[in-house]
Amino acid sequence: MSFNLENIISIRDFSKNDVEYILKKAEKMEPIARSEKVCHEKDGKLLGVMFYEPSTRTRLSFETAMKRLGGDVIGFGQKQGTSVQKGEVLYDTAQIIAQYTDALVIRHDMEGAARFIADNVDVPVINAGDGAGQHPSQTLLDLYTIKRTRGNLNNLKIALVGDLKYGRTVHSLVYALAMFNIEMIFIAPEELQMPSEIINDLTKMNCKFTQKSTLLDNLDDIDVLYMTRIQKERFPDPKEYLKVKGQYTLKKSNIEGTDIILMHPLPRVDEIDFDVDSLDNAMYFKQAFYGVPVRMAILDSVIKK
Amino acid sequence: MSFNLENIISIRDFSKNDVEYILKKAEKMEPIARSEKVCHEKDGKLLGVMFYEPSTRTRLSFETAMKRLGGDVIGFGQKQGTSVQKGEVLYDTAQIIAQYTDALVIRHDMEGAARFIADNVDVPVINAGDGAGQHPSQTLLDLYTIKRTRGNLNNLKIALVGDLKYGRTVHSLVYALAMFNIEMIFIAPEELQMPSEIINDLTKMNCKFTQKSTLLDNLDDIDVLYMTRIQKERFPDPKEYLKVKGQYTLKKSNIEGTDIILMHPLPRVDEIDFDVDSLDNAMYFKQAFYGVPVRMAILDSVIKK
Amino acid sequence: MSFNLENIISIRDFSKNDVEYILKKAEKMEPIARSEKVCHEKDGKLLGVMFYEPSTRTRLSFETAMKRLGGDVIGFGQKQGTSVQKGEVLYDTAQIIAQYTDALVIRHDMEGAARFIADNVDVPVINAGDGAGQHPSQTLLDLYTIKRTRGNLNNLKIALVGDLKYGRTVHSLVYALAMFNIEMIFIAPEELQMPSEIINDLTKMNCKFTQKSTLLDNLDDIDVLYMTRIQKERFPDPKEYLKVKGQYTLKKSNIEGTDIILMHPLPRVDEIDFDVDSLDNAMYFKQAFYGVPVRMAILDSVIKK
């Protein structure tokens, strides 16, 4: 089994074999991620992080991953305090930080930013979210969470809920789910349904999927419930938002006693009640943890010895 | 001698034995804190720092402590650039960072925040200040400074000066001083005197203490002078502040030639003249240094192997 | 060969021997800076960074240098989130961070800030830019870039272009160039020419230099073209800026096919066209990389074992 990607830009660059390689390696990384084993594999190596948009989970879990591997990190978590304030363009800043480090992780509000940088620097580039575009390490940790929790990725049915129109997390995820023939149900208000070009792609790939506008019917035959945040700003009329909001809020009673795995890329605002956290179904904090071994696997695969 | 606390939330959770354990361990940590010895004890371990309020000393000395122990740090020093901006609550952010790390250090403006988090995560939590509440590592370094400078904590008389009403540093400190039967003098303007519930507690504990409103009488029989900052914002009328300010400003002539140890939790604004710095009495920068071995002792005690 | 400076404040404190010592040591550091070799020389050591002004290159390359040497870093990249917000003065903040670390790197908007701190703390201090004053590590990396690219520093002719009046980079650089008898041409609009006190110094030192106001005449006999940014804010009338701007913008055709080495301290805004980047002449990103081995050499020289 081998891994042939030099950069991690889009999940659509991955073969099924590439995905399985990362998931398998992540499993080996878990004891180090849990701090049960010490690793010096990346001793002396530096990861450059360039976050032009705020992030807690993604940035800190990449930093955690690199440090658990024995390496270290430089970079910035926001534009402030950097030369971006002096008018420096992304291209120049990336050229510089690439000179200092062994790999770059980039989050930028412009779609295509990470690919553009990857084409122009001499170190591997990892896309940590480019506007409405891709966020491949999130997709891999989502898949890993499902696999670790269910044992495998076969014969599954997953419901994706919330803002399916603008949410880059779900856009990346559906292509990976398609790769493993996982059946999908898209649950969203009409105005936030999955974009038609993705629906077309899935149709061409012969995927099994359905579209719904209500959350709570027929949850019984679902294996995984993947909730996402609905952002108020997406609605021109705040009243429209309030009407929709209640219908996409999950309560304890909705899944208590079922086998459904409840996931969420986080941050949540109020789409999952806090008392859901105590249920065994609630996997979202665990899911966040799995970001560490998955990102360790990614870093270990792209950073040269 | 053993240490039994899992979390460091309030000095009032400490037995006298717990305090002595930390003070003793801090002494062993000093050569490492001074960079005379290299330590790899916490190799591979990660400390999560979550600072919702600005800090230089506390945050950087925890980071220094963890790094001198051979470990590393992730987290944030301000809300900006994190998912707090997207509306994420403290509880969720803490759950996440707890998944990534081996211990958390939290500063938050809400009293009780650290205790609440400690009750809900799987790693040790250290309170680095919760609003007007507790700041136990500051108290331990204050005690350590006195002990290191005087040789022991017996038969001492300490004057606490400045804003005794709102200053969380002195609120924590008096309970620790009471533990060691240290005599206290509370010197503050009427409107900033020690809160009555603390006075009641000290009375019940049979502590020796007195209250005064002028700084400069009878300084001779005092062993330690502990100054704190008086914040202008505490006074409804700026004129009241200006009246009080002068009376609580320390000049070189006030303590030159005495044996009094002058302490301050810092930052100072103008309550200690700069030319005091050159006196042997001035211990506040040394006191800041002692924060490192004391926090090393704390981290070493709560982070599991 | 030995190095006798305790602090790195101004290039004018350096003897020619001190400069050559750093340039030689930087060459040995290169394989570590390139991540071809792992170094543990500064294991357990901490560098304190205090940046009161924004920076990407300088701060991150110092951090990179310290981490590549096996050490670690604490500090801040901007005032926000520190006690500076509570009114703490530079002196106090520096005293504290000096207590925690083995050396300080300071950038401050006040000329003389780094020297003042060096006189008052017990650890080595490195000036990373003090207002319109000095920035010695930039000068050393500029020299190193020329030496590495040309093989030596003999018989060279360099043109310094752009804002020569306010640019601290060029102010530091000319004194170092003078040390090596490098011939200089100062190319700037009248109002941004080299200050007369520097011109006087160079005259006293018997340096060969000329002053010009147009960029593109007689580029042929120049070995190094050192461009700097012209800041719009320097011109009272924006029209004056626009008039000047075009004349100091470098195009691909201006140097393609020549042996001229093109340098820039970065960030550039628009004084070098992006298509110049692909030319072999373009050394500015390499120059940024050379900041790492040069700063490694500096840190290794001033931080005690």
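The chains carry the letters A, B and C, assigned in the order they are written, with residues numbered from 1 in each.
Operating definition for what follows: contacts are C-beta pairs under 8 Å (C-beta built on N, C-alpha and C of every residue); 3 or more make two chains touch, one makes a residue touch a chain.
What you are looking at is a predicted structure, and each value in this text was computed from that prediction instead of being measured.
Copies chain A and chain C of the same sequence differ in orientation by 120 degrees, per CA superposition (steps of 5).
Annotation: the chain A:chain B pair of sequence copies touches via predominantly different residues, less than half of the used numbers being shared.
Chain A and chain B, compared by their mean Cα positions, are separated by 40 Å.
Residue positions of chain A touching 2 or more other chains, listed in rising order: 72, 80. Residues 43-46, 72, 74-76, 80-88, 91-93, 95-97, 99-102 of chain A are the ones that touch chain C when the two sit in their complex.
Those residues of chain C lying in contact with chain A across their complex are 32, 35, 37-39, 51, 54-57, 60-61, 63-64, 67-68, 70, 72, 77-78, 80, 266-269, 274, 285-286, 288-289, 292.
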